[in-house]
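Down below are the structures I want you to see.
Both complexes shown next keep chain A, but they swap its partner, so chain B is in the first and chain C is in the second.
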Partner chain A sequence: MATATYVPIATQTLGSATSTITFSSIPSGYTDLRVVLGNIQAASGCLTYGRINGDSGSNYSYTSLYGQSAAANATNAINQTYLNLVSAVGPLSSNPSFMSLDIFSYTSSTYKTMLVNWAEDYNSGGVVENNVQLWRNTSAITSLSFFNSSSVNFLAGTTATLWGI
Partner chain B sequence: MANATMTLIASQVLSSKTTNVTFSSIPQTYTDLKLLLSAQNDDGGAYTDLLFVQLNSDTTSNYSETRIYGFSTTAGSSRTSSSGFLAPRIDSAGGTANVFSCTEFYIPNYTSTSTKQIWSFGVAEQNDTSNAYITADAELYRGTSAITSISLAVNGAYNFSINSSFYLYGIKNS
Partner chain C sequence: MSLTPGIIASSLTGHLITNNFFLISQQTPSSATSITFSSIPNTYKSLQLRYSSTISGSAGYRINFNGDSTNGHYAQHWFYSAGSSASAGSSANTYTTGTVGLGVSTYQNVGIVDIVDYANTSKNKTLKWFAGGNNNTSGGDIELDSGLWISTSAINSLTFSGGTFTGTFSLYGVS
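Let's turn to the complex of A and B:
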């Protein structure tokens, strides 16, 4: 049998409103990482951010392509202090959102590039987004955290899973 | 090391033309589903057609989607509300010969009893300067039952072509 290549490292289903979702002590035995946030809901309108290894320096940048209702858009930002995981509309209180984050070569001694897919249709409107993230740091990734703008909590029922590939 | 948890639930590789492809009795023992297809339909008069996806045989207006797309040299976005199906786009036989589109659906938390947010990505490349598509969709299913079946058909009741393939995977989080 071939070697297992899609292995759950850790998972969380929020039992109560929580400001930050963290995966720590990430093992180094994989090539890539994949994070899936499902049923994402937040107490009020916000955007969702992330940090790597607790780094709050200006080491993040991103370029985004997204569709919001009938408009296609692109945007970017440099020297950010967090991963800007969604550009237009973040999680809502009454509708589930989805995000996948693929992190390539997370133990390498080069800068880290990531791909994000975000889905949030709510029938009367919606946004779909693909963006690329860069973390300008040469350390291996050992922790990931996710939080919302304006300290808005993730609501109970939000799920988060980290896989090693 | 933990166990691998991406498992092939079922697959269908067509040896004859078929109007509908259905995965039924989907086991409820996974966390997420991933559906991959390489597909073409036999519409000889078009380059691409819409793929109709229905969950749990639900034909009511419980589906909506937001799409960003590239169509040849044009980028755009579109929305559909209160529809009876999800509708990404796949290659048709009227386009470049032997071309099969690639499409992925990711369905998180498919056993939940709340609405489901689905993500899909598809390409219909044709080596043609006027008719290729690339799309990413946010797809909302407002049905509140766990997903036990997925059925796929083509707009206009065209058939899926021979050699179209469909693979349904279950993914566990533990």
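Let's turn to the complex of A and C:
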């Protein structure tokens, strides 16, 4: 019989404004990880970033494909110090955003590649974005953190779930 | 419960398990030119294939179903970027379906392929493919693709081809 998987490892809903969402002590028993940030709201316009295993070195890069209002766009960056999860417009305080982050072979001894889907709409514009992220490190992933640019807090009600697949 | 930095991820327990996503088979090829999942059971609503793999000699990641490589039996659309501009396109009446990007060299390419209603015998089969790769250069490969297999047969096997693969390929059933 096939093995059941896709297991919520940890889930939380912010009770108050918080600068950083962190998952630590991530177990190694899965093939992939998935992080879902839901109802993402922040006090002012910002971008949302991430880090792996606390690494703030220039070890991240991404390639992005996104639609903003009526235009299709693409961008990329290398040697970043964080995961750049959304390229154009990040979360706002008025309408919630949604993000999923799929992390493949997170315990392998290869560099880690990830896929991100971001969606937001504020009834006069919005962004839908797909991007691929690279973390140039061969260590197993044991912690993940998410934060906004300019030290903007996530607002209460933002949800964060870590899944093991 | 409010969120605090440093959640101990392993501290939560089993009542959250949903049990509707099942690992059917996993392969970890090394320098394989094709990867086949065969004898796929017809008991799920949809399939999801997830992979993390290097590729060389690439024509891109290709998928054929049930061993069918007949010209005219496949079609695809894509929304794609290699780093600096977005493009979209399509092709019809082809031998296979797959990614338009060739994938990056050196590092892992990753993808999620969703195949809905794969066991239905009264309609053609559609897939959604989300794929990407990044080499820490100004290029890369990020794309969202659709694929069509023009057949009403239930899918019972699936074959990857297009390059030489080393990595992990996992097939899941979703009930």
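Methods note: the second predicted complex is superposed on the first by the 163 of 165 C-alpha atoms of A that agree within 3 Å, B and C clash if a C-alpha of one lies under 4 Å from a C-alpha of the other, contacts with A are read in each partner's own complex, and residues count from 1 in each chain.
We adopt the following convention: a contact is a pair of C-beta atoms (placed from the backbone, for glycine too) under 8 Å apart; a residue touches a chain by one contact, two chains touch by 3 or more.
All values derive from a computational prediction rather than experimental measurement.
For chain A, the partner with contacts to more residues, out of chain B and chain C, is C. In the superposed model, A:69 lies in contact with chain B only, and not with chain C. Contacts of A:16 after superposition on the shared chain: chain C is touched, whereas chain B is not. In the superposition on chain A, contact of A:140 is made with neither chain B nor chain C.
In the superposed pair of complexes, A:31 makes contact with chain C only, with no contact to chain B. Of the two partner chains, both chain B and chain C are touched by A:6.
In the superposition on chain A, contact of A:43 is made with neither chain B nor chain C.
In the superposed pair of complexes, A:117 makes contact with chain B and with chain C alike.
When the two complexes are overlaid on their common chain A, residue A:130 makes contact with chain B and with chain C alike. Shared interface residues of chain A, touching chain B in one complex and chain C in the other, are 4-9, 11, 65, 72-73, 117, 130.
Residues 2-16, 18, 20-27, 31-32, 61-65, 72-76, 78-79, 102, 104-105, 108, 110-115, 117, 130-134, 136, 145, 160, 162, 165 of chain A are the ones that touch chain C when the two sit in their complex.
Put simply, chain B touches chain A in their complex at residues 1-6, 31-32, 64-69, 75-79, 81-82, 106, 108-109, 112, 114-119, 121, 136-140, 142, 171-174. For chain A in complex with chain B, the residues that touch the partner chain are 4-9, 11, 29, 36, 38-39, 65-73, 95-98, 100, 117-130, 157, 159, 161. Chain contact summary for the complex, chain C toward chain A: residues 1-12, 16-24, 26, 41, 50-52, 79-86, 88, 107-112, 130-144, 167-168, 170, 172-173.
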